[in-house]
Amino acid sequence: MTNTQVTLVQIDNYGPWTVTPEPRREADLQTLQSRLFADISQFVGARGGYVFFTRFDNMIAVTNGLSMTDHELLQESVGNRYPVTLSLGVATGTDPVHALSDATERLQEAGSAQDEDRRECLEGRAIEEAHRTADDVQIAHFDVINATGNYTDELNAFDTFIEIEQGYAELMRHMRYAHDSLSFFVGGDNVIVVCPDLEEADYEEAIHHVENAVDVSLQVGVGRGETAHDAGFAAKHALETCRADGTRVELEW
Amino acid sequence: MTNTQVTLVQIDNYGPWTVTPEPRREADLQTLQSRLFADISQFVGARGGYVFFTRFDNMIAVTNGLSMTDHELLQESVGNRYPVTLSLGVATGTDPVHALSDATERLQEAGSAQDEDRRECLEGRAIEEAHRTADDVQIAHFDVINATGNYTDELNAFDTFIEIEQGYAELMRHMRYAHDSLSFFVGGDNVIVVCPDLEEADYEEAIHHVENAVDVSLQVGVGRGETAHDAGFAAKHALETCRADGTRVELEW
Amino acid sequence: MTNTQVTLVQIDNYGPWTVTPEPRREADLQTLQSRLFADISQFVGARGGYVFFTRFDNMIAVTNGLSMTDHELLQESVGNRYPVTLSLGVATGTDPVHALSDATERLQEAGSAQDEDRRECLEGRAIEEAHRTADDVQIAHFDVINATGNYTDELNAFDTFIEIEQGYAELMRHMRYAHDSLSFFVGGDNVIVVCPDLEEADYEEAIHHVENAVDVSLQVGVGRGETAHDAGFAAKHALETCRADGTRVELEW
Amino acid sequence: MTNTQVTLVQIDNYGPWTVTPEPRREADLQTLQSRLFADISQFVGARGGYVFFTRFDNMIAVTNGLSMTDHELLQESVGNRYPVTLSLGVATGTDPVHALSDATERLQEAGSAQDEDRRECLEGRAIEEAHRTADDVQIAHFDVINATGNYTDELNAFDTFIEIEQGYAELMRHMRYAHDSLSFFVGGDNVIVVCPDLEEADYEEAIHHVENAVDVSLQVGVGRGETAHDAGFAAKHALETCRADGTRVELEW
């Protein structure tokens, strides 16, 4: 049974900061946001976690393997090196949406994202070491079949982007409402989905749903593990099997 | 009349590189992609341009103000510091979609994005200095009205993300098909759109379309300039006027 | 009794890489070197270690708290994100110079720094968890008394640099030959020294030696701990006591 | 005749910031300093300049090719992305030491490096475009003959560092006092020196001086150009000639 630990990473008072005393150069905001995300990816990733950029001022991470002390250190390090600070809400649940809802509430109860006085909150609980299992995380790695041949080498780059985006949007909504899962576009034609205990039939259904709704053809590799990296790396290998064998769904167990 | 210079930035042979000889840690790919984007944002931004992360292996930039020599330097610098290389296609057009289509074709004609032998292409033409005008670029900066109050402080972070994403997707398709414009989510609740010569009525129509289609309320500031930064910075200031006055559309001219 | 774990971090075949097929832009080499160092600092620092840039292609780290598995992960992550790779030699000793000599020999035995075929060596041993103590690391943090008043605000910036550099060079040689310690300039007017079990008299002697030899006045805070960070942070606090009380040597125990 | 444009880059009030309200983690300070330097290297380097890390809170750059507007943009961009700000002093001179002295005085007159109220000064003058020539900058690139064979593969890494450092220190003082030149260690066994109009005999003398004083054997390639990059790149090529032909001094003109 999955037991996903989710962290909501929220930049404190970011909207106001970006326009005080005056609006800031957009290229600099993009650089700041991306590099902050990259740093969090290295910190979390080195402990077996995954973080997704989501909206950049609000990022969602799967942090099985990170303790509250680890979260505190991340906060301190960012506070030492950036002109902004982070608030972190941590929660767990048998399904990822439930865990994220709890993590979000932790921060909402502490104060508004644009509350001048709310800074560097650290709320919630991590899974105790003794309670962690090899089934805690289930990750599904989807990609578009032959995106390069069908889109990248054929359409203009924005129309390719629209196609990929439509596939992502349809999958994202379906997985959230039908399966309490969180889906994230991670570049190229790849979407990583954080799932509860789903089965092969659930993934086949998701693929058919997207194909019928927006005519985008996906394949998927699925893995399980104690951490997001363990599950996700197994999922990547399963996806290679799809590519090699021409199958649509491969579970790495 | 707008004369948008668009550059398509494409990482050479990226898909294969990410899985050769074995799949690579996802957290490292996220870090690499984000930091590469951040570097391009600094390079392009220091010359008045904007780059948007788009799919990360394919990025779209508005590069009025950058010469082909500038593009060559960007390519060389990235080649010196990253384990991947970039191909660049540059083109101009009276509307951004047209310019991007030409830029895309330049690269497609040179070879596939996953062609082992196609590396560091530099194709196309920049606008000659003598032909640049203060009307070359039109940028519209949209955001969701009171996203923090309506979504961030109320819903779980993924459901907020779904709402923002729906608004973006609807706006993106409308602006592309009705107005030959390119729309990019840039974080938070912000979307920057690169437009041809549009008027106040066009922006009002776009806002109503999105409101009716997906019930997301947008406001927009619009600017014009010789570069993306000139136009975009004016657009940011216009958006501040929307926030201050409660208006939905403000043109900074 | 100190038990310093030292890691020698060496970029594989770097000299040849910087000039193949042609010399590379110096500004890009500086950027690559600095960002690689910064990444290693974050990785090592998050586990309580310190890394010093030293010669950039060869960096010295105090890695009490990092296992060989941690070292392997660092190597893998760098290999995924940079155009160069790292070899790592790990050793321990009752004095830092001894540990570093062993760490260096581990790599030298595996092959030359410019051996085309030697890539990503990982040699040596980390201290087993059960054997770690609160006395393993001793760190001394020196700085120049009132550098800003005496130099920065008075001399041209290079002559100030020469003064600081002379103080560092004299301290570095003295601490290495008299006390088997490793000294590193860390910016500003600060030098961090990794020591074996030294006493107050040893630090007083070092300060007098430097004052007599090159007329540069130093003060020092010293700390001990299980990791470089524990020892170094205590040393920083001790240095604040020097600044507050006007003393020359303060031990934080 | 050389006409070196030098910029002194100084972080405002850095010392106090590093310990307020409490001392900050050393690994984070190292990361911040290195990444700030790397960013400045990219900004300056893309315009043909060179920046040297020097003391990290005070950095020296050769900025022929950068206008005061460029300097202002660098300042603004750093202010948008870091928790610290920069003050910049710009000056020119027929010898580099003279230019640096003027640049330093500009900042010293504006206020102390640790003056709470002195922030983001921009003082001085850049060379007007019309007055720039292909002789403005002379760069000498020294390295240690066969450092890998003589030191890196033979001694422990710190003793190799001591040897390299002694060679650098001797060269640095000699070049500053005998030839009004500024010398910077740039990693590995490389030292880049910014010179006025020196001749072959001056470089031969410098090499003999260092050999006699500290028994470190150097070779040097020298170049001239309109910018630091033009001169420095020519110097790198000249150094390759030394390596290929076994000569000690090569001038690329």
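Lettered A, B, C and D in written order, each chain numbered from 1.
Please note the rule applied: a residue touches a chain if its C-beta (ideal position, glycine included) is under 8 Å from a C-beta of that chain, and two chains touch if they have at least 3 such contacts.
Since we're looking at a predicted model, the values are computed, not measured.
**Q** Spelling it out: a chain qualifies if it touches chain B and also touches chain C; which chains qualify?
**A** A, D
**Q** Need the most distant chain from chain A, centre defined as the mean of C-alpha atoms.
**A** D
**Q** A-C versus A-D: which has more C-beta pairs touching?
**A** Between the chain pairs A-D and A-C, A-D carries more contacts.
**Q** At the chain A/chain B interface, shared numbers over all numbers used: above half (same) or below half (different)?
**A** Mostly the same residues.
**Q** Averaged over CA atoms, how far is the centre of chain A from the centre of chain C? Could you give it in whole Å?
**A** The mean C-alpha positions of chain A and chain C differ by 36 Å.
**Q** Could you please state the distance in Å, as a whole number, between where the Cα atoms of chain A are centred and where those of chain B are centred?
**A** That pair's centroid distance is 22 Å.
**Q** Let me have the rounded angstrom distance from the C-alpha centre of chain A over to the C-alpha centre of chain D, please.
**A** Spacing between the chain centres: roughly 43 Å.
**Q** Specify, in ascending order, the residues of chain B that touch 2 or more different other chains.
**A** If we look for residues of chain B contacting two or more partner chains, we find 25, 28-29, 31, 35, 42, 45-46, 77.
**Q** Which chain B residues qualify as touching chain D in the complex?
**A** For this pair, the touching residues of chain B are 39, 42-43, 45-46, 73, 77.
**Q** Flag every residue of chain C that touches chain B in the complex, lowest number first.
**A** 24-25, 28-29, 31-32, 35, 76-77, 80-83
**Q** Which positions of chain B touch chain A when the two form their complex?
**A** Interface residues on the chain B side: 8, 10, 14-15, 19, 23, 25-31, 33-35, 37-38, 41-42, 44-46, 49-51, 53-58, 60, 97, 100-101, 103-105, 108, 112-114, 148, 152-162, 164-166, 169, 172-173, 176, 182, 186-189, 192, 229, 232-233, 236-237, 240.
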